[in-house]
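Step one of this worksheet: look at the structure below.
Order of writing sets the chain letters: A, B, C and D. Residues in each chain are counted from 1.
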Amino acid sequence: MLNTMGIIFAGNEELRMGELTRARSLAAMPVAGRYRLIDFILSSMVNSGITNIGLTTKFNFQSLLDHLGGGTEWDLSRKKYGLFILPPFYKSENRITESGESKIQSLYNVLHYIRRGKQDYCMLAEGNAVINTTFDEMLDFHRENHSDITVMYSKNADATASQDGCFDVAADNRIKDISPNNTQNAAKSVGFCIIDTDLLITLVESCYARGEYDFSKDIIGKNLTKLRIFGYEFNGYYRHIYDIQSYYRFSMELLNRDVRDTLFENEKKIYTKIKDMVPARYQSNAKVSNSFIADGCIIDGEVNNSVLFRAVEVRKGSKINNCIIMQNGKVLENSVLNAVIMDKNVVIGSGKTLVSEPTFPIVIGKNRVI
Amino acid sequence: MLNTMGIIFAGNEELRMGELTRARSLAAMPVAGRYRLIDFILSSMVNSGITNIGLTTKFNFQSLLDHLGGGTEWDLSRKKYGLFILPPFYKSENRITESGESKIQSLYNVLHYIRRGKQDYCMLAEGNAVINTTFDEMLDFHRENHSDITVMYSKNADATASQDGCFDVAADNRIKDISPNNTQNAAKSVGFCIIDTDLLITLVESCYARGEYDFSKDIIGKNLTKLRIFGYEFNGYYRHIYDIQSYYRFSMELLNRDVRDTLFENEKKIYTKIKDMVPARYQSNAKVSNSFIADGCIIDGEVNNSVLFRAVEVRKGSKINNCIIMQNGKVLENSVLNAVIMDKNVVIGSGKTLVSEPTFPIVIGKNRVI
Amino acid sequence: MAKECIAMLLAGGQGSRLGVLTKGVAKPAVQFGAKYRIIDFVLTNCAHSGIDTVGVLTQYKPLLLNTYIGSGKSWDLDRLNGGVYVLPPYMQETSGEWYKGTANAIYQNMEFIEQFDPEYVLVLSGDHIYKMNYAKMLDYHIDKNADVTIAYINVPIKEASRFGILQIDGEGKIIEFNEKPKVPKSDCASMGIYIFNWRELRKQLIRDEADQSSSNDFGKNVIPSMLGQGKALYGYGFSGYWKDVGTVESLYDANMDLLDSGEIGLYDADWQIFSRSPLRPPHFLDRNASVTDSYVTEGCYIDGKVAHSIISDGVVIAKNAAVKDSIIMTDCKIGENAVVNKAIIASGTVIARGATIGTNCDATPQYRSNYCTGGITLIGENLTIGEGVEVGCNCMVTSDIKEEK
Amino acid sequence: MAKECIAMLLAGGQGSRLGVLTKGVAKPAVQFGAKYRIIDFVLTNCAHSGIDTVGVLTQYKPLLLNTYIGSGKSWDLDRLNGGVYVLPPYMQETSGEWYKGTANAIYQNMEFIEQFDPEYVLVLSGDHIYKMNYAKMLDYHIDKNADVTIAYINVPIKEASRFGILQIDGEGKIIEFNEKPKVPKSDCASMGIYIFNWRELRKQLIRDEADQSSSNDFGKNVIPSMLGQGKALYGYGFSGYWKDVGTVESLYDANMDLLDSGEIGLYDADWQIFSRSPLRPPHFLDRNASVTDSYVTEGCYIDGKVAHSIISDGVVIAKNAAVKDSIIMTDCKIGENAVVNKAIIASGTVIARGATIGTNCDATPQYRSNYCTGGITLIGENLTIGEGVEVGCNCMVTSDIKEEK
């Protein structure tokens, strides 16, 4: 899949994530004990042989920059192409951001980058998808159908997660219409599409000039008869993270072996930044079950149905149930937690009780001491 | 000098540079055939043993990001600390940049980064200085004098270049006053200072809270009696690049052996991004003298008193005098150029004449074809 | 690019007393403490001591070690000027020769050292577990104006005859040195860590090489000879955790020390032990798991019982299996109802369901081995111990054992 | 992390026919074309052919070569899975042995190859200048269902006896192979580039190793033997620039080809020749300089006359010096009024003022050397040729020459 470049929309900032994305972009959200959300789509692209990848960014992408560095850990520190972080562009005269809110505006701002690539195809992807796949077959499909735009869809997908809506897909796989029919069995966009690079440039320029900023409506919808636009069905596991519920739900799904195996016990690896960590340490009073535990943890309490990120400490007498505890979280002695999401560096003192239901997890912001 | 962190103000955007900094920050300005302006101060810090360096950025720092990558080529891809590019911070609610115009605002925005470092001292530096030095002796001076803030000054310096003004320096090296007396022999700020990290944090917070944004006036000037503020004299070669004239003047100074030797034939190297280039090729009609020529050039014409960046082509019959030609510049047959600055990828057709005086160089913007 | 001090790390030894553990790899590459290898400790010391140029002298089965070291990035040793260099023996114009002894190994790489024009050369071995700031030792060396400084540690006098023993005067000067003396005159044991003035070392290496009777070893030849020449040799006392992991039992003990004493201090934020981490997800403890007093690292799946053990990455321990007082290396599988007791299971090995390792001391005398003492059982890498098979204590298994029909 | 095809690059040879040029370095590390080294071309080929795993087999003075290759980053070979690995000879449990022949070198590294579980192994040598897309050769190999495919090039029949000569039928199948035949039967010369099916190669290597009479060389032993066994050997025709730079004269010619024919195509944007660049400023031509028909690279200072020459980094050519038809390697200094004609000056050498190299063919018969033919003069590295000294053609200088008083 060497003839394809990747563009990842990593500028999304989801207000529905609340405090968790206040100081980081959604793509930099910590997930699954040691990863960041961006790792999934980035690794899927790398594992597909895409070596020219641009990330559009908007606000507060410091943590994204720190995480990705020069791209070495994703094998993207390459001589030719590699990983490009594309900050927003400002017209210097009036200091106004042109990056805007929409995919089309983002694409317009990185046209210089798209033009520099020599790849015939461009893969557009959301930065907030949890997936481990390769796109080789989708590209074959795109070529075989002489498709102009191929959109990946799923019938299983979580409907609310779809950012580009639902489609009517005909038997020949052509997309007939954009459908308001967001039902269980509808073909929902997974948020990835392959498009011929030259066509993308033309479409973005023309939409931008006319102030048409809705990718789904203005690029897909308006061109359904003029262009060959196909749907490519994806049957595997994927999740979009777009609010606290979807984040919590996905984290709890990691306790299913199938989900873990699909994502991680795969020839295709999910790459991430490597940090030096001591192995997890279980003390004499540790009682841990059905939990996903990262290195550096020190556990002397009880942990059930939970995800513990790196260097989390759970002291003696504490009971953790249905929780997500991010890096450097500390739960001192004799506290009881149920359905709590702790952002990085949160400390829960001894003898505290924080209990909710999995349908309504408690969120504790970064660096808080409770 | 392991106990010092570096902050480089790389967000300057000098309108006086005109077209040359339209799409790049001043710190990313190409200089001396194969370098970028930032390379000098960055290398000087690295050669001083500073391994924790943050770059404050503001607008259009894409080219800076591309140049610096993960910092590997400056030996700053380190496990602990390394190179941090600090994009501006936005309050997500109202999308307003807080990065502002002044050093104090920039510092306020990166306080989180400064706090994370464990170094006792902080070296603040302008990103637009041409210099090859080490700061070890300045730090010794700072310590020996129990100085709170030590400002590097020079008496030789180009006065207009000084961003932090001039000083009255007493015999005991204490700064007595900020001086309006910007004469030939005045002690002019070179734009580098060492300050105790804790003090820096306190001063920045207090200035920011009171809306005092002038580093020179509000941090140096107002504290001359309350704090121990010293001047440290620097006698070596340095230049600030702040407008087209200063850029052009420095480039022409490179034709002096002493200047080249000071900057480049030194045990302390100026690091930069390495690109693969063919050696420079001289053809049968080449006539080149008193010129600085980078790899990848193909020269079949006459070149005098000029700086040619990488992969510049000068065809037969053309005569280049007193020019700066940046990467991928092309001068076709039989053209005559005098005192021209060509930005990247400029093409001069055959038989053209572009002649000015070194006191008023002609500037041709990126990608132009003439 | 002159350097004040560079390190030369002797990593060429087979470490044959580790038995089947060094069948495929050199001793410094043997796994330690769930996610480390022995060499990590010395490379980490170099990184934290500010020594950024390290030559690693290898010759025995270096493939895994070379691959593991790679660019040196994991130890911050991928430096623009300097960094880590693997130095195997090589061919000269007319012939090549293998490293004859520790001193000869350095002798053959004098050209490598010369290119850094160092003032001092630190000679290290790659088979000890300890944390030491070599910068402080260098300060001492400079302060004493020594020709060579030898780090020593006080050992119980009854063990002293296993070491090179120093006698030092009140100023720290070495007045006598005896390699493995039968009757030790002091308890100051050489740790095999030397700082030499490079000019002096260069002279001594050439002199030693010319001596046909020398076995070209630092402890046996170079140091005693320098003492005889009246050179200034100083001892640098070290106190802290230090363990030679040269035998199966000492390797086992050092691992258990990690669990029990914490003396090595893995949690010291200013002295993190660097290692090359595999890229694996967090580990998972399933509903039947019980893990106590243990270290477990990434990629493991545990549904059995683990007590007082060290579990490397990718290990699977099935339901009702019981692992106790053991070291389980990368990607081993322990089947249902299997029992592993006081054992070292090398990487990739499968202990099939119901197998019993190390519980019955009298079982399987045919596998009993001199390598294994103190009741430890050692199973080699990539083996399969069949269903229901029993292996006794003090045994070493080097090939598959099929289940009995 | 299975790989379809990995490359094994034979870089262990001394290249003794290059005379003093390989005194301190292995042949693949010899400088070429101002800023390259010979091995750059093959490593570049691998990078552009999508081969991301390369084992480099070294044994002769590998220090500079190892340092030069480093992490492989310069050739995009610092990969997460795969990349470049330097493979020296090593010790086994009982003993170690040096690489006996090309086939034995691969034989000793079978374990290295196995870890990538490749379908195909590409065997290369590190001493040829050419650009070739190995991916196309691999397609051909797969298409022909061959056991081994050998790349060949048509050479003038009178030179054919220097090569391994293939006879191929209309389908590309090799029907005869003769290593350096006295009477060549065709002009198809083996380029020493082989693609093997790994399983087949593995078998053949074990078989060859067991054969006491074999010299364990691909051309002499393995290929003829496979032909005898009726295996499917195919020839893959290559047309384009290809030069064996095994002698001083051929190395000189290949450099001059860069200047004169441009056939190697340094300016091909899709096939940039990668190399490890030194970090030096642009070069400077001063007021008296005259440089024509030449390549000059970074860090040079030229105030003299340079015609039809190749000037490596950091060279200083003083006023009134004249360099013609020559190759001046890194950091040489050519003094005022010195004349250098049709010479190769190895790195770091000083030609003092007024010295004359290579103009008078009858001068200095005492330095005449069989290594130097075609009127070429070769001066070794880090030497000083004193003021006013004259050195004639076809000479090789291996130590300083003092000025005559």
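In this section, a contact is a pair of C-beta atoms (placed from the backbone, for glycine too) under 8 Å apart; a residue touches a chain by one contact, two chains touch by 3 or more.
Keep in mind that what you see is a predicted model, and the values were worked out from it rather than measured.
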item	value
Pair joined by more contacting C-beta pairs (B-D or B-C)	B-D
From chain B, the most remote chain by mean C-alpha position	C
Chain B and chain D: spacing of chain centres that average the CA atoms, whole Å	42
Inter-centroid spacing, chain D versus chain A (mean Cα positions, whole Å)	47
Multi-partner residues of chain D (each touching 2 or more other chains)	78, 274
Sequence positions of chain A contacting 2 or more other chains	77, 79, 271, 276
For the chain D and chain C complex, residues of the former touching the latter	12, 14, 16, 23, 58-63, 66-67, 70-71, 78, 85-93, 96, 98, 111-112
Residues of chain B touching chain A in the complex	13, 15, 22, 59-62, 65-66, 69-72, 77, 79, 84-87, 89-90, 92, 95, 97, 276
Residue numbers on chain A that touch chain C, as the complex places them	32-34, 255, 257, 260, 263-264, 269-272, 274, 276-295, 307-308
Chain D to chain A touching residues, read off their complex	47, 50, 73, 75-76, 78-81, 274
In the complex with chain D, residue positions of chain A that touch it	2, 73-75, 77-80, 271
